[in-house]
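Please read through the structure below; I'll follow up with questions.
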Amino acid sequence: MADRDEAGWRERLYVVIFEADTPSGKAFDVALLAAIVASVVAVCLDSVQDFRQHHREALVAAEWLFTGLFSIEYLLRMACVRHPIRYATSFYGLVDLLSILPTYLSLIIPGSQHLLVIRILRLLRVFRVLKLGRYVSESQVLMTAIRNSRAKITVFLFSVLTIVVVIGAAMYLIEGAENGFTSIPRAMYWAIVTLTTVGYGDITPRTTVGQLVSSLLMVLGYGIIAIPTGIVTAELTQAAHPQPVTTRTCPVCLTEGHRTDAHFCRDCGAQLLRDVDRAATSGD
Amino acid sequence: MADRDEAGWRERLYVVIFEADTPSGKAFDVALLAAIVASVVAVCLDSVQDFRQHHREALVAAEWLFTGLFSIEYLLRMACVRHPIRYATSFYGLVDLLSILPTYLSLIIPGSQHLLVIRILRLLRVFRVLKLGRYVSESQVLMTAIRNSRAKITVFLFSVLTIVVVIGAAMYLIEGAENGFTSIPRAMYWAIVTLTTVGYGDITPRTTVGQLVSSLLMVLGYGIIAIPTGIVTAELTQAAHPQPVTTRTCPVCLTEGHRTDAHFCRDCGAQLLRDVDRAATSGD
Amino acid sequence: MADRDEAGWRERLYVVIFEADTPSGKAFDVALLAAIVASVVAVCLDSVQDFRQHHREALVAAEWLFTGLFSIEYLLRMACVRHPIRYATSFYGLVDLLSILPTYLSLIIPGSQHLLVIRILRLLRVFRVLKLGRYVSESQVLMTAIRNSRAKITVFLFSVLTIVVVIGAAMYLIEGAENGFTSIPRAMYWAIVTLTTVGYGDITPRTTVGQLVSSLLMVLGYGIIAIPTGIVTAELTQAAHPQPVTTRTCPVCLTEGHRTDAHFCRDCGAQLLRDVDRAATSGD
Amino acid sequence: MADRDEAGWRERLYVVIFEADTPSGKAFDVALLAAIVASVVAVCLDSVQDFRQHHREALVAAEWLFTGLFSIEYLLRMACVRHPIRYATSFYGLVDLLSILPTYLSLIIPGSQHLLVIRILRLLRVFRVLKLGRYVSESQVLMTAIRNSRAKITVFLFSVLTIVVVIGAAMYLIEGAENGFTSIPRAMYWAIVTLTTVGYGDITPRTTVGQLVSSLLMVLGYGIIAIPTGIVTAELTQAAHPQPVTTRTCPVCLTEGHRTDAHFCRDCGAQLLRDVDRAATSGD
């Protein structure tokens, strides 16, 4: 009986903490999200000199409060889940752990509490909490488009890297250290700043030849942005307009390209094969 | 009789002020647009030190002239509209009010007259006035495309925010206050400047590790611009190529969405209506 | 007879100068293009301080040489063309005139010879000369895509202008003259620099609120680039995949969607109407 | 017999060096890639002042080691290939030679060893080695899309060049040398920096008119990025959605490109073959 009670206690806790369908589960998740946002804001404010000087105690208190809460939550999660090890080594389990460790670490290594911003990753739960099924499916469409474009994007990044290395070295030779191109890695950093059209202006070409090479690099960078854009767009367009399956053939008149949900040939009215199979199955 | 006259007076005023089809209505609207543009230009010029010193009186006169005109117009609109409260709380009603308030406010709080640029929003009426039906429909296509992309764009912005928080905090730890990254919010500002490829150069990484992280962030920002672009393009392409008409309905099982060249229902095999017509034609 | 000779002389000149199919016409055009490029390069070099000091005489000579040649060419064009006024007021006629005027003008107003770069526009003839029909047709595809997108692009530009005015005025109030936002027009210039992701860094926000507003503007600018891109891409995709004309209907079986070049119904083999018309016309 | 042995020796060497299917061939290629990456990293580090001072001897040793290895490899390639001249003048042969020459050259001309980064081009072999057939085919899709867009992109680049020359000259006249626009070529460099939205900020407009012209140029540059993007996207979309198969040919008039669902030739009305088959099947 006590055993069943305990089991019931763990189960109820599991429903509250891990599920979001029940009122108590939803309330817990919303409170958790609020605490995550508040703790990330506190970490950010803690790094602002002025703010820290005037509110030092409040910030330290908030940090330990949130860390305490998250630590308790972590232990409860470990307690009520069926496979603690599996949870602890999952993506969310690791993020949950990394969200409390830096505070304890800051007792030994000062400054490490800024790593707490990793807590922002806990916000990814937001999709689950708000039942944003639609958002999840949309992000899966994006993910699929990106995954399908992987090979093209790898080729593209490899080309960009080759351009950056070659142009970087060339500019190091052309401009030299006196114009800010103090080494090839630094010239490569400049090449990336230029190619991506960021253009800080912390290093700029000053010789005529250097400005000419830069101009070519800029036009190149301005133009090749078209390539990843074209790749992703083509994928997303294809995802929006899936090709109709065209391998289904009418057994009587051989018309091809029937929709996957068609039962009869649109041309001669004969039953299509998948239906025939079904009829064969249910006929006996 | 006087009552009917008054009603007639209000009606005529309504036609002039709110409608744009009659000659007087159009003339009023064009004059209004000219006054709006002139008043916005006056507000802009008022903020230019040199210009203000030499034309102070003209500017003050212009400001009070336009405010006076717009105030009278506002009162007339309130007078002739059937539901004054509904107008006052509508988008255009609020913009109309906000377009005159700052001048009166500037008597109490100096400087607030610069808020008058809000008058630019009154220009949105331009579409109505110029009968640019085509432009309105085009902007609706754009709006629809953006609205359909809302979920994808939210996911995208949320990802960007997460990247900015994590990279911002990392750069704060890597570069530190001596290189301009004085706080996490400021480092996040830098991350946005970099990710969006704006690249002011007011804060730039100086350590080698910082430049490496920046380079990754730049390539990321350069690449992920492809995502919103792909989303909007796919939507606009879909708007331009609507899926084939699907109004053909099977007369037997009422399945919709048959291809225009189909002869038989894909669901029950019944002959579709156009075929029946042909049979009737060739039968005799 | 003399009259005919003269006519023949003008005609031969016309063929050389205006046409590009004959050997002499082509030779003339190639020589002209070379002269245009050389003269633009000369104007550019003339503006370089160091170069001018050492080669002043050569540059002046080149300028007057090219201006002389182009003047003679202009007079010959006027002489041999059938409607001199029509040529003089055409686009190319105006460009030809503007390409020689600045040199004469520079005798009165020093410095105006730099306007000679307008000669670069004469290079547009390059397409005609090199018989780059394919390039012309490609640029027409681009032009058509841009023209079709006109309404959408106008709406887009109007929205951008509204954003720039409102944000510019807001930043003028937030940052103030001490941070470089000395007037609303200057703040609007900053807003354009930021929204277009150019980001010179000559004016940058320094207050926290200003950096927050800037961040929003940057993300906005980063995102809405998707809109013109989407518009043009959708147009170009449509140009590549023209919708099949689907109003042609078979008079016998009423199948729709025949290709514009079809003569017979693809479904029942009956002659389509356009053919019938033709038959009716030639039959009598 | 000795002759055959030698031939066997050359053949075995050829398999190891030039092919990547055998275990030894693959091992050789992987080792080669590692050596290439290591040598490029060494060249990059060699340009870093601090690093060079402390590790001068190691770097010199590494440089000569890699150059020695690559020299031996080059000679072996020349020895075992059937047509040494053809290899030596091929793209890879030239890259292989250029990858070793600078070190020897640096004995005569100091500093030329930085040209060794050309070795990065040898990495293009990576695709061959890792048997990344998929990546090669993807990069061919990209190449085809870019090649098909060549004419459109040439027109686009020519337009950009014209804009840059005209705006550059205009800004030189508007801003003048005292604001950094010291010559037309330099102003053209600024125009490219602005049009491509790089925006270093090393040269910025300071006059009101200059800032107005710059704003127009920025909006232009921001907008016309849509054009190359649209071009490439349209090509990639077309590559993903090839036009329906058009190999069906009319047996009477030989017109090609009939729709897959056509029964009769759209040109002469003859029955298409698939229909004839059907008739043959049902006729008996």
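Quick notes
A, B, C and D label the chains in the order they appear, each numbered from 1.
We adopt the following convention: contacts are C-beta pairs under 8 Å (C-beta built on N, C-alpha and C of every residue); 3 or more make two chains touch, one makes a residue touch a chain.
Computed from a prediction, not measured in an experiment: that's the story for all the values here.
The minimal number of chain-to-chain contact steps leading from subunit A to subunit C is 1.
The distance from the centre of subunit B to the centre of subunit D, each centre being the mean of the chain's C-alpha atoms, comes to 40 Å.
With each centre defined as the average position of its C-alpha atoms, the distance from subunit C to subunit D rounds to 29 Å.
In subunit B, the residues touching two or more other chains are 185, 188, 197-201, 221, 225, 229, 231, 233, 235, 237, 241, 261.
Chain contacts here are complete: no pair of chains fails to touch.
Taken together, the subunit C residues at the contact with subunit D in this complex read 40, 43-44, 47-49, 111, 114-115, 117-118, 120-121, 123-124, 126, 134-135, 138-139, 141-142, 145-146, 153, 157, 160, 185-186, 188-189, 192-193, 195-202, 221, 225, 228-229, 231-233, 235-237, 239-241, 258-259, 261-271. On the subunit C side of its complex with subunit B, the touching residues are 151-152, 154-156, 158, 162, 165-166, 168-169, 172-173, 177, 182-185, 188, 194, 197-201, 204, 208, 211-212, 214-215, 218-219, 221-223, 225-227, 229-231, 233-235, 237-238, 241, 243, 246, 252-257, 267.
By the touch criterion stated above, subunit D contacts subunit B in their complex at residues 197-201, 229, 233, 237, 261.
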